[in-house]
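Naming follows writing order (A, B, C, D, E and F), and every chain is counted from residue 1.
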Amino acid sequence: MSQKAEKLIDKKGLRLDGRKPDELRPIKIEVGILSNADGSAYIEQGKNKILAAAFGPREMHPKHLALPDRMVIRCRYHMAPFSVQERKSPSPSRREIELSKVIKESLEPTAFMEYYPRTGVDIFIEVLQADGSTRCASITAASVAMADAGIPMRDLVAACSAGKVDDTIILDLMDTEDKQGSADVPVALMPNQNAITLLQMDGTLTSEEFENAVNLALEGCRKIYAMQKEALKTKYVDVKEVEE
Amino acid sequence: MSQKAEKLIDKKGLRLDGRKPDELRPIKIEVGILSNADGSAYIEQGKNKILAAAFGPREMHPKHLALPDRMVIRCRYHMAPFSVQERKSPSPSRREIELSKVIKESLEPTAFMEYYPRTGVDIFIEVLQADGSTRCASITAASVAMADAGIPMRDLVAACSAGKVDDTIILDLMDTEDKQGSADVPVALMPNQNAITLLQMDGTLTSEEFENAVNLALEGCRKIYAMQKEALKTKYVDVKEVEE
Amino acid sequence: MSQKAEKLIDKKGLRLDGRKPDELRPIKIEVGILSNADGSAYIEQGKNKILAAAFGPREMHPKHLALPDRMVIRCRYHMAPFSVQERKSPSPSRREIELSKVIKESLEPTAFMEYYPRTGVDIFIEVLQADGSTRCASITAASVAMADAGIPMRDLVAACSAGKVDDTIILDLMDTEDKQGSADVPVALMPNQNAITLLQMDGTLTSEEFENAVNLALEGCRKIYAMQKEALKTKYVDVKEVEE
Amino acid sequence: MSSVITRVKQKQIAQTIAKGKRLDDRGLTDYREMKIEQGIIERAEGSARILLGKTEVLVGIKIEIGEPFSDTPNEGVLTVNAELVPLASPTFEPGPPDENSIELARIVDRGIRESKTIDTEKLVIEPGKKVFVVFVDVYVLNHDGNLIDASALAAVAALLNTKMSNYEIKDDEVKIKPGYTQLPVKKHPITVTFAKISDKLVIDPWLEEEQVMDARISMAIDDDGNICAIQKGGSGYFTEKEVLEVAKMAREKAAEIRKKLKW
Amino acid sequence: MSSVITRVKQKQIAQTIAKGKRLDDRGLTDYREMKIEQGIIERAEGSARILLGKTEVLVGIKIEIGEPFSDTPNEGVLTVNAELVPLASPTFEPGPPDENSIELARIVDRGIRESKTIDTEKLVIEPGKKVFVVFVDVYVLNHDGNLIDASALAAVAALLNTKMSNYEIKDDEVKIKPGYTQLPVKKHPITVTFAKISDKLVIDPWLEEEQVMDARISMAIDDDGNICAIQKGGSGYFTEKEVLEVAKMAREKAAEIRKKLKW
Amino acid sequence: MSSVITRVKQKQIAQTIAKGKRLDDRGLTDYREMKIEQGIIERAEGSARILLGKTEVLVGIKIEIGEPFSDTPNEGVLTVNAELVPLASPTFEPGPPDENSIELARIVDRGIRESKTIDTEKLVIEPGKKVFVVFVDVYVLNHDGNLIDASALAAVAALLNTKMSNYEIKDDEVKIKPGYTQLPVKKHPITVTFAKISDKLVIDPWLEEEQVMDARISMAIDDDGNICAIQKGGSGYFTEKEVLEVAKMAREKAAEIRKKLKW
């Protein structure tokens, strides 16, 4: 969070891309687009372009990582070298390692882990183009990929960020708002369970602002949740399936 | 391949080291010179100085890499830090990793892989001094090392490069010819089987030039094949063996 | 060892910190201060501040490193990034890897290795602040940590360095003396066995100087040995144990 | 000694907490005994050691001259690293940082960075070219739970204890001068962690509680009571109500703990 | 889904090809359906996605300012990297590049480099000091065989779609100016791969064919029909006759495929 | 061929040595046959190969221009690396240097460095800025015991055979001129290793002796008979008496071996 927070909201109260403070970016979710994965999803959220795939439940490699009483979920969040302004080295950065962990922990509460003891599920996320709030879009896509793989789940997880720019609480931060704004609050929610499975924050917020931001983010999650369900329905009802 | 291809062939049609275009460099092959390896060979080809050793067939480490129905060949091509003009870091470069793979694939067709299921053969190649076409000299030596180790083989593999410098198709490129010439075609051959087990190319050749280069390289392989057999005969017939 | 060996001993024959040539720095040894280790010790020797912990005998990980007829000792000597003048990268340096090996070899002769076949003991040493002769202080502490862990031992090992500065043989080199002196001889001793389990040397000494240095170092070891025993007695006799 | 507790013990911990009590007799919102020592590593530019019950964390600060990041030419550089050294727990392995130590370092980093604890603009020697780089090395010496709060607190305590060499610029080269200046520390963020066990929120979980908790949540609170960093961890979840309750309690606890810091 | 096919299926593939047919009804020298999309990653200086049947490869180009190699002070730098990311196949593992991804990157690199596709002399900003560095990142998104041809084609398509920032040199520093210039692309090499199965040569092998093939051979052909790079792979062999046949057919196929590229 | 010998053989070795003899008929203080060849790698600035019985070590020297260490601005840089390449022994694995190769490199390094073998002050091109960096690469080609003595000897023999390019400084740049200068070598340290087996000290242990030894001790001796480096290894111990005996014998042996070096 840098200080240069200026002019991110214009006189009409609109953001750099014309959105209102509580407006999501356009979102497109496609299901089952990778033929080799057990489940997959592609999300576009603004200029974010992200692929998620789920493999499993399957035998764990290496075997000693398997657990006798439950499934193990592993997750790798990875950015393509060309996904950001300056080329990113393909070896995992500390940021990618942390995000892989928190994304995994945001997905774990959804799965019935005890149904498949001794097995593993691998979630692979590739950010092809990044434009802010990629961890949220990644969770949204990964959750759909898990459903597409037929992993038994309590609910989907939908994720969305809120934050603060120019003293305004806004929804679904894009890159410039993330970098120049004064706070970023990514949130993931299992709506049916009212369960927050991811919560992080960078920046500075008063208690009141924080409460507003969380509320706004949860609202965003619920909207995204509807799109996730729609995308899954389209694949499974529609005749023209993307992959057989 | 750089553009500075000039004066690599003089007015008499001779190369920088006095060779005719279709002439091999002097070659010396010694067999069984390393006492700890199951088989070994040393080759000097011009200023190339290369050691190859074969270990096996032996138990695979790690075990899970073993195959139930056949032997596994592994290969490491490695250059000594002092083998080239500018000191080379001892950790394997991308070039060394690729060459290890293509050399392995050039040797695999020779071995009766199904004779020793669940075992492994390791081929270790150390380039002590490099002067162009080292992958070919490495294959030539490694094949002799495998024979010395008593690994059952359909045939030896002999390898030789051809290429193009100053619009002339030449045999057995040395370093300067490789770097300043306009094409390099390394080839490996199992002569009895008429089987090309390595073929790569860098540079630019017309179809006709390519055909000529391949022909010339194959001729070179056959000459080297004779030297390989001679070297093995010397070791196994001769009384003064290099190592007991 | 640099050449700038000057004024390390003043006109009165005293060293930079006021010690006589054959004088140890103040030493403090505490036993059993880490609750998660099976045994532990903390040593301050001058400005050296070093923690040592012993875990085991316990099952080896990975299993294939276990030996059928004896225990395996592993050792990691590691310096905290802030322990030296210029921040040290936390990944192990070549120096740390070598010291880990020689420290391990200085401790191995003390343990009854055959009592616990198939098990392992891990010794972890963390140098929190370094001021010369850290390998010796590490051995002294590690030996106490092993005793605290209840590993059956023939004897403790005490370690101390001797060296040469300004043409004088001195005991227990501190950092400046190590860097600017002309020789450093670290020695480890099992006093009851009269067994030298570590001996290294950097610098230049005549045979006679070497003999004197070894003698002085052994004397230092014996003094430190008394402190080790005292520290262990304090813990095991005293009512107010540091950890329950 | 063992790092994994029995199922019987797990049940016992959970049942006790369900009744609003804890096995070590603390209240649900009581911290363990806390001891702060500053300046124990003389070689480091700053240092502090925290004891939180049996959890022990040492932080050392080193300051070097380096280059600023190209997008912040007028700011010094902060680098936080955490080492879970193997003597601290039988579950810590030697080797490069794993996801746990990276997460720990990044949580400590965000608490300091987002609260603007260090006045990084005062660390500039030559704008765009030379700045002071502050290395914060978190060294966990004994792991008995709640490494986050102990590490974050030790980091702030160490920064408060940090001095930088004086310098002058002569002939385009930085020369170290005698004497020291205190590192410019503006804020004192305190990180407070709650675990969720048996649907209760308990503060400062110790090791055995961490082994049964559903999830944890950590909030860094600055001197003005603002939240400046949050991290949820673990494979469980929180409700919105729980999150807001944590925010409220974290503010109170942070203010209490901040009083123990000397500056 | 499984990546290893049964022996029955293997036999079936081989027997069908022995009869001059293929299980997916293609002729032995027919490519699968090919789709080329350019410019889909706006953040990258250039990009293209190739679909070859179900094989999917994305190439992104980034351009940065760097130093030339000391032996080519008057040329920009080309760097090709390939990632076999684990979502593309159950056989791909996360981790540093293995021999397969390194070989793939180096084949793509040689096709571009040896054909002099990029006019690297036009990438020089200050001879010997500053040049443009072109990063070609090959990203395999779905592996259904013949990654070599798909990657090589995607790389050329992406380069054709690449623009570089305009710049000027002021006070010895490079300043970015508004506007873009097209990357100078002179050639359009096409790489064509054959697999040898049942002693037949089949073009563009898909995954199941790759699992039964004896060997493969790839040739890069430039606009003039010259061969500019070759790579044999796999643990089988080719006869001289087969090699020359491949060279002939590769020329023909390359000319066909080149027509699908827009420039 | 096998790298681990039987217990019967171990007992036999130990019993023979207990009687003051060795299985290969050497006396306890006899070296194996030693052969020194210099200059066999023309591409290297210096090189030497040592045969010590069947143990074979090749050392190559490369010289490059680099920066001095900041604390020794008026000295060139010495870097020693050792590779236990896997063709030398079935017990050597490919991969980054392990503790054995690092220890070997550091012992060779100390022998050269502490004896001041190289006149590093003559390697300075521009004080504090540019110096010659001498890379000593120890390459073990066949491991039949006592790698330390063979490597240390090969290193000194290679340094004696090393030539540096002539250069001049023009416009602040170093230009290589025709011709060579001999590397300034002032000393000729010889490292002598003893193994302790059956309470006897045996010199130059071969592989099978190393497998039964209790411990080993190596001393580097300079031209004046001074000790300049020592390393004890192995999990046994030495008495003070043994150490002093080793020091005495090492001096004698070093003087003998030094005569075999040409300079």
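We take it that a contact is a pair of C-beta atoms (placed from the backbone, for glycine too) under 8 Å apart; a residue touches a chain by one contact, two chains touch by 3 or more.
In this text, all values refer to a predicted model and were calculated from it rather than measured experimentally.
Colleague: Using the touch definition from the top, how many steps at minimum link chain A to chain C?
Modeller: Between chain A and chain C, the shortest chain-hopping route counts 2.
Colleague: Where the contacts of chain A and chain B overlap, which chains show up?
Modeller: Common neighbours, chain A/chain B: E.
Colleague: How many angstrom lie between the centres of chain C and chain F, each centre taken as the mean Cα position?
Modeller: 27
Colleague: Just the number, please: Cα centre separation of chain E and chain F in whole Å.
Modeller: A distance of 48 Å separates the two centres.
Colleague: Using mean CA coordinates as chain centres, what's the chain C-chain E distance in Å?
Modeller: Taking the mean C-alpha position of each chain, the two centres sit 57 Å apart.
Colleague: Between chain A and chain E, what is the gap in Å from one C-alpha centre to the other?
Modeller: The separation of the two C-alpha centroids amounts to 32 Å.
Colleague: Check each residue of chain E and list the ones that touch at least two other chains.
Modeller: Residues 97 of chain E each touch two or more of the other chains.
Colleague: Among line, ring, star, complete and other, which best matches the way these chains touch?
Modeller: If you draw each chain as a dot and join those that touch, you get a single closed ring.
Colleague: Name the ring's chains in order, please, starting from chain A and stepping to chain E first.
Modeller: Counting round from chain A, the next being chain E, yields A, E, B, F, C, D.
Colleague: For a test of understanding, state which residues of chain F touch chain C in their complex under the given definition.
Modeller: 71-72, 97, 99-100, 102-103, 105-106, 110, 114-115, 215, 217, 219, 222, 225-240, 243-244, 247-248, 251
Colleague: Within the complex, which stretch of chain B touches chain F?
Modeller: Within the complex, chain B touches chain F at residues 34-38, 40, 47, 49, 51-53, 55, 76, 78, 80-87, 90-91, 122, 124-126, 128-131, 243.
Colleague: Over in the complex, which chain B residues touch chain E? Could you list them?
Modeller: That would be residues 1-2, 94-95, 97-98, 100-102, 105, 108-109, 185, 190, 193-207, 210-211, 214-215, 218 of chain B.
Colleague: Can you list the chain E residues touching chain A in their complex?
Modeller: Touch list, chain E to chain A: 1, 3, 40-44, 47, 54, 56, 58, 60-62, 64, 81, 83, 85-90, 94, 96-97, 135, 137, 139, 141-144.
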